[in-house]
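What follows is a pair of complexes built around chain A, which joins chain B in one and chain C in the other.
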Partner chain A sequence: MPHNAKSSDNAGLNVAVLVSVGRHPLTARARRADQDARAVEMALTLSGAAVRLVHASVDDSDNEAALRSYLGMGIGEVNLIKQASGADVVPALVTSLRDMAPQLVLTGTRAETGEGSGLVPYLLSEALGWPVISGLAAVESIEQGVATVLQALPRGKRRRLRVRLPAIATVDSSAPAARQSAFGPARRGEFDTYACASVMDELQAKWQVQPARKRPKRLKIVKSSSARDRFKAAAAKAESGGGQLLSDVSPEQGAEAIFALLKEEGVLR
Partner chain B sequence: MSDIIRRDPRKEWIARNRLHPEHLEVLAELGGGASPSEWMGPNGLTRRNPHAVGFIGPNGIKRIDRSGAQQAANQPGSRQAQPKDTRRRVEIETPAFMVAVVPDLPGGRLSSHDRDLLGLARQLADADAERPGAVLAVIFGEHKESVFGEAGVDRLLHMDGEEFSGYLPEVRIAALQSVERELAPRYWLLPDSPLGGAELGRRLAVRLGERPATQVWQVEADADSDTGWRCTARGAAGTSDITRAMPRVALALAECAEPVSETRHAAQPVELTQALPEVLGRIEDMGEVAVDPASVALAEAEFILSAGNGVKDWDGYHHAAQVLGATEGASRVAVDDGFMPRDRQVGATGTWVSARVYVAVGISGAIQHLQGIQSCDKVVAINLNEGCDMVKRADLAVIGDAGEILAALVARIERYREQQQENRDAA
Partner chain C sequence: MLDTLLPILFFSALALAAIGAVRRVRLWRQGRPSPVPLMQGLAAMPRRYLVDLHHVVARDKAMSNTHVATAGGFVLAALLAIVVHGFGLESTILAWALLAATTCMFVGSLFVAKRRRNPPPRLSKGPWMRLPKSLIAFSLGVFLVTLPTAGILPEDAGSWVLAVVLAAVVAWGLAELFFGMTWGGPMKHAFAGALHLAFHRRPERFSDKQGGEGRSTGLKALRLEDTSAKLGVEKPADFTWNQLLGFDACVQCGRCEAACPAFAAGQPLNPKKLIQDMVVGMAGGSDAHYAGSPYPGKPVGEHAGEPHGPIVARQGTALVDAETLWSCTTCRACVEECPMMIEHVDAIVDMRRFLTLEHGNTPNKGAEVLDNLIATDNPGGFDPGSRMHWAADLNLPLMADKQEAEVLLWLGDGVFDMRNQRTLRALVSVLRAAQVDFAVLGNEERDSGDVARRLGDEATFQSLAKRNIVTLEQYRFAHIVTCDPHSFHVLKNEYGELGGHYEVFHHSTYLNRLLENGKLSLKAWKGGTVTYHDPCYLGRYNGEYEAPRSVLKALGIEVEEMARSGYRSRCCGGGGGAPITDIPGKQRIPDMRMNDVRETGAELVAVGCPQCTAMLEGVVEPRAEIKDIAELVADALVVEVSTEKASRDDTAGRTRRTAEEVTL
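For the complex of A and B:
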């Protein structure tokens, strides 16, 4: 990656990264959220850009270590917006982003705690009137207020998009992995705390939340009038073939058959 | 020829009576001119053909009916009973309300996720038999699907045009907003899938000012809630279940409901009366980017060329993968022997792959490996051993030396590429 080639491009670029406290999927410990950390990594690789971290939540000490691990990635401070417990963070984020006026806002696709609906970037975009792009894999270039980015699609595909700044972008899990968090900088980093009026999320208070139940496995239902078909479906081995078998063929004939299948499936480019 | 079966009761009676002097002739006649199962040989010995005894029953099994009662059914003119379409035809003329569904249509066809979602929409629409709702499917751009009605669609709104071919979420949202204004569906259902439904649904919900339920996996009737429905949705990265009243916009996961199978619907085309508004998109689609297949994670690769113990010419294999544009995979043996890196291992200890096409070269198919390729659509096996498990699993199995077949395949594909190049130059 030509880091130094980029440095002049992004000078004066203001990037805000919205970070949240994640939850380790196995140990359930608070950690830096994976996609948010990737967003921070992406912002840091835009060399020359000024990166600010924004976090809005209840001020509690349990999550301090998790937030500090973002600081350990090489950032001086986190802008911490204090909110009451059970508050909707979107209005507070809108106010602070208006004040900050960044050109680019990066964040993870969805949070690892709470509702985790992935709606925050869309709500912010609607409130601020900025375009939003989802599932970023890389930022290719930022020139004259237009960002060229790669969007991650399923099956490892990528789509190139151009978007006019200021914009909000969510970062996909296929973006480059976040760098390690260093202990010393994490301890030295500071929280720039300020309070903001909390808007309570009343709807959420009505919901019942419980640990995830295992989803019932779908049964294979065979709807057939004939008993023989039903029996065959129930007794048949799942992996009984029915495939085509070519033996005693020359390699060329075999290759031709495989080629025909690959072409029919459309995997040959 | 008429389809009416002509029966000759007298001949049937002779066929049943084994002592009748004309028994064999009549049997042969009724058997469609097939050779009789028993006849007198030239030396006066009775000869039997056990294969000619009996008839093939309607289910494809050979039946021997000593009574002869079934003989008439064995006439050459008799047809196999056609499997009749027993699905009920449902037409909803004046729906009480609409349930709008925006399917993903990957590759222009309804995916299983889309079908599940349409099943959920039917569940919401058909709850009150007195006042049924209609399921409205809103689709964008070109499609190849022909069975919307069988998937449970009553009304089909097809928005075709240049502007819907690429990735332009802002244009699509504006179009969906027009649908909301004109048809005012009671519910909006979208698939919560990375193929586009997740993003479109969130954009739509925010634009409509609704708070959607995301990652919904169950919807149940609930008299206590305002809408009469309660939904269960995954929250916190799939570690919690949120139970709440069903909102107007819901983004549902796969297998949220059973797909429609018992009814056929009209899929009547509908049109919007007003023209769609012009939208100036701020996001510009520059098209898909060619990616290096080697850099694609094995779990999400579309096309995998996997090598096992049968591969001897490793340079040839890597070359073949490069020419095919396939992601490389390996069986455990190939990894243990040091020919392939550990992160390329497919199977129980390695990666569970979901490729559309999986080519197994010289892999015999241990059960751990077959587990790893469960969700692959098409499996091609190249192997020396005809009896191995991979050949049984494969949709296409070629028996022969892996190196030679790969070399021939590479030559074939290079020829194909050259032809394409020539066509392009000529054009």
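For the complex of A and C:
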């Protein structure tokens, strides 16, 4: 973490971190979600800030160990918002975030289980009217209700942003890795259960869910003579040789362009 | 005049010693409770002292004789002197006996003094340098004051000046040997050591009259049921009282320091200093008075602690730095060498448990490895479904298919390591050649939990162990064979406390049995000179020094022994999670071990452990070649074609049919 974030005293700063139950990519075992854990880590490094963990879901008795591993990072309790099965967590989160009134809400970019659409922070931002920052890499300072943060861009680039609080920020894998979760504090930590009216996610109830297939990867043919060229080819991001930038076009034109591209790529036949 | 002075001196010294003893006992009682049979322990103490302790001391013959003369002479002299001079019993016979005892002690003291003239660096200096003088003062003083009682000199020989001088000399001796024994002088080792032997935390490590060797090396399980309890040792007072007593017994001989691979590599660990730090913490204060070698790279005097203060600080310094605890390879060389039977490794793991389970502070790759063990049941984070990929062509019989087999072959996490796969292949071919009925657990096998436990993560160890025990319960087998001494040790000695009792063999032991039963025929060895490296977890932990050597002998190999072999074997640096926590030093432990190999001139090192193989092969060339015993045996196999074919058909028959079903 940048040292100025540590040195500045964030006394009175209220940070809420939205945490979810993760899933190990190989064994599918429940665990703390990687990006959410990084969000907790970032909150914990803001010295003096009061950190609350918020988790909204149906009965999680199977996933208790996974939620407890957030507690093992050195936090006393998780605020658990109980929801009925099949509920949409966004309205419940909106209500409880309004009650808690945190200045900063941190969360992972997308969940490892469930829908995993990555839309929750945007829906919250819309409902609460707070700005949202994606890909937070560091919080540099917070002064008089304005946070100076670093946003991670592709290929290691960083952009410094100033944002008025309260705000929602998502954390991805470019943020510092989460600290080790200790077994003792994890099992001593507590769940503070809140009841909150459940709003059914009717749309999702109609969906048919099936395991995702791994998408085939496009082969990159590298014709090169020297090691330097091969290295460059391996390290370079995909060249965007083709393509076009469309701006100020009508939805129909946009859709047509996308349709044409999908045909060209052979996705649609 | 001496007749009145001496009883006063003796009884005041004894009274002060008694007060000191009470104070010392109260220091130990700060520790956690640990029930021990008190009277039984006290009754067993003389045997433990005379047999087990002296077995260790006698490894240094000169020192052993010196100690017998000095300590034996002292104990006898002290008892007689209390009778003769304390109670003033005028007995010529006792006086003569006292003269003999003090003479014996005096001679011993001279040898102690001789050793202290040019002491080896492992010995502590400071107050220990005055000990020979005090011993001489006591023996000489008591000898001289006894001369009149024995009738050699007249009662009133010499003037009152001489009497006062003699009384002063005796007082000096008494101060060191009676009073100093319980007030923290060098002689404390005798008082604390005797009680430590009586109330040892591992009474089963002592030999018994029936010829039992006495070995207790498995770590003690941490009770995880109580959810509010603190896990591991945070403060000196969190050790059990008999552990604190054990620390106090340290005689600072530094044999542990001389044997410690981490100390030799310049990593910040010195077992002797660690034990002394625990004594400092128990009594409260700073380590400034410590007079031995420091932790490499850490000057003495910067650390301090108290019984109820933290041992390792989250920030800054306390009693010990975390990297000191993480330098240990748990090779047990210190415990093996310790004449006071102190359990260094237990203490280190106890403190590591707190750092991992309560602080969440396992250094370097520690956290990642533990996370992998939790999520994938192996330290490398590999897909547990790919455990048997290495043996895709071997048609290994699975326990799930067979349900019972004579031998359960425990493969270990080496299945993910390409080097160890070669060893496993060799072992499988040998077992097949000997027509052993064996099966493997395949994907049902998990990490044994060894590395999690040594890294202090008792929770993950117990989780892995309990699940492995449930898996093993499903099948019937006579014994488990493994080529990994770490799995071997854990399955054999540490699963018992959790309910798993098995007969476990290291593959070298099992191969030796096969050879003894004539199940294998081997070609004669044609290679160059060979040396053998004893893995810590096979040798010191389980006392198996012979079987690997007799397998090598059966191969026709004359083992060129290293200077440090057998129970003194130097660790490869791969145990206790040391390659994971990776604390920097001045040199690497495997490099030092390879230098030991180089000194023998051997072209090949025979090993019996995947960790040792990896560590030693990591040493840069030119160096000796490294081969597992299983590989050496496999290379020398003489396979009769017919039996080979028969065994292949026999073992692979069923599996082959199922394989066909699958491919259709």
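Here is the rule we go by: the second predicted complex is superposed on the first by the 205 of 269 C-alpha atoms of A that agree within 3 Å, B and C clash if a C-alpha of one lies under 4 Å from a C-alpha of the other, contacts with A are read in each partner's own complex, and residues count from 1 in each chain.
Assume contacts are C-beta pairs under 8 Å (C-beta built on N, C-alpha and C of every residue); 3 or more make two chains touch, one makes a residue touch a chain.
For clarity, every value in this text was computed on a predicted model and none was experimentally measured.
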Query = Just chain B (first), just chain C (second), both, or neither: which does A:208 touch?
reply = first
Task = Pick one for A:73: touches chain B only (first), chain C only (second), both, or neither.
result = second
Message = On the A-aligned overlay, A:258 touches which partner chain: chain B = first, chain C = second, or both, or neither?
response = first
Message = Let me test your reading of the model: by the given contact rule, A:188 touches which partner, first (chain B), second (chain C), both or neither?
response = second
Task = Once the structures are superposed on A, label A:196 by its partner contacts, choosing first (chain B), second (chain C), both or neither.
result = neither
Query = Between chain B (first) and chain C (second), which, if any, makes contact with A:111: first, second, both or neither?
reply = first
Request  = Name the chain, either chain B or chain C, that contacts more residues of chain A.
outcome  = B
Query = Given the touch rule stated above, what does A:50 touch, chain B (first), chain C (second), both, or neither?
reply = neither
Inquiry  = With both complexes overlaid on chain A, does A:31 touch chain B (first), chain C (second), both or neither?
reply    = second
Message = A:180 in the overlay: touching chain B, chain C, both, or neither? Say first, second, both or neither.
response = second
Inquiry  = Per the contact definition, I'd like the list of chain B residues that touch chain A in the complex.
reply    = 59, 61, 83, 86, 167, 170, 194-195, 198-199, 202-203, 205-207, 211-212, 214-215, 217, 234-245, 255, 258, 261-262, 282-291, 295-297, 300-303, 324-326, 356-357, 359, 370, 377-380, 382, 386, 391-401, 404-405, 407-409, 411-413, 416
Key: chain B contact footprint on chain A (complex, rising order)   = 23, 25, 28, 110-119, 122-123, 125-126, 131-135, 148, 150-151, 153-164, 167, 174, 203, 206-213, 215, 218, 221, 223, 225-226, 228, 239-241, 243-249, 251-252, 254-259, 261-263, 265, 267-269
Request  = Note which residues of chain A are touching chain C in the complex, please.
outcome  = 24, 26-27, 29, 31, 72-74, 179-185, 187-188
Key: Complex contacts: residues of chain C adjacent to chain A   = 227-228, 230-231, 356-362, 366-367, 370-371, 374-377, 381-384, 457, 459-460
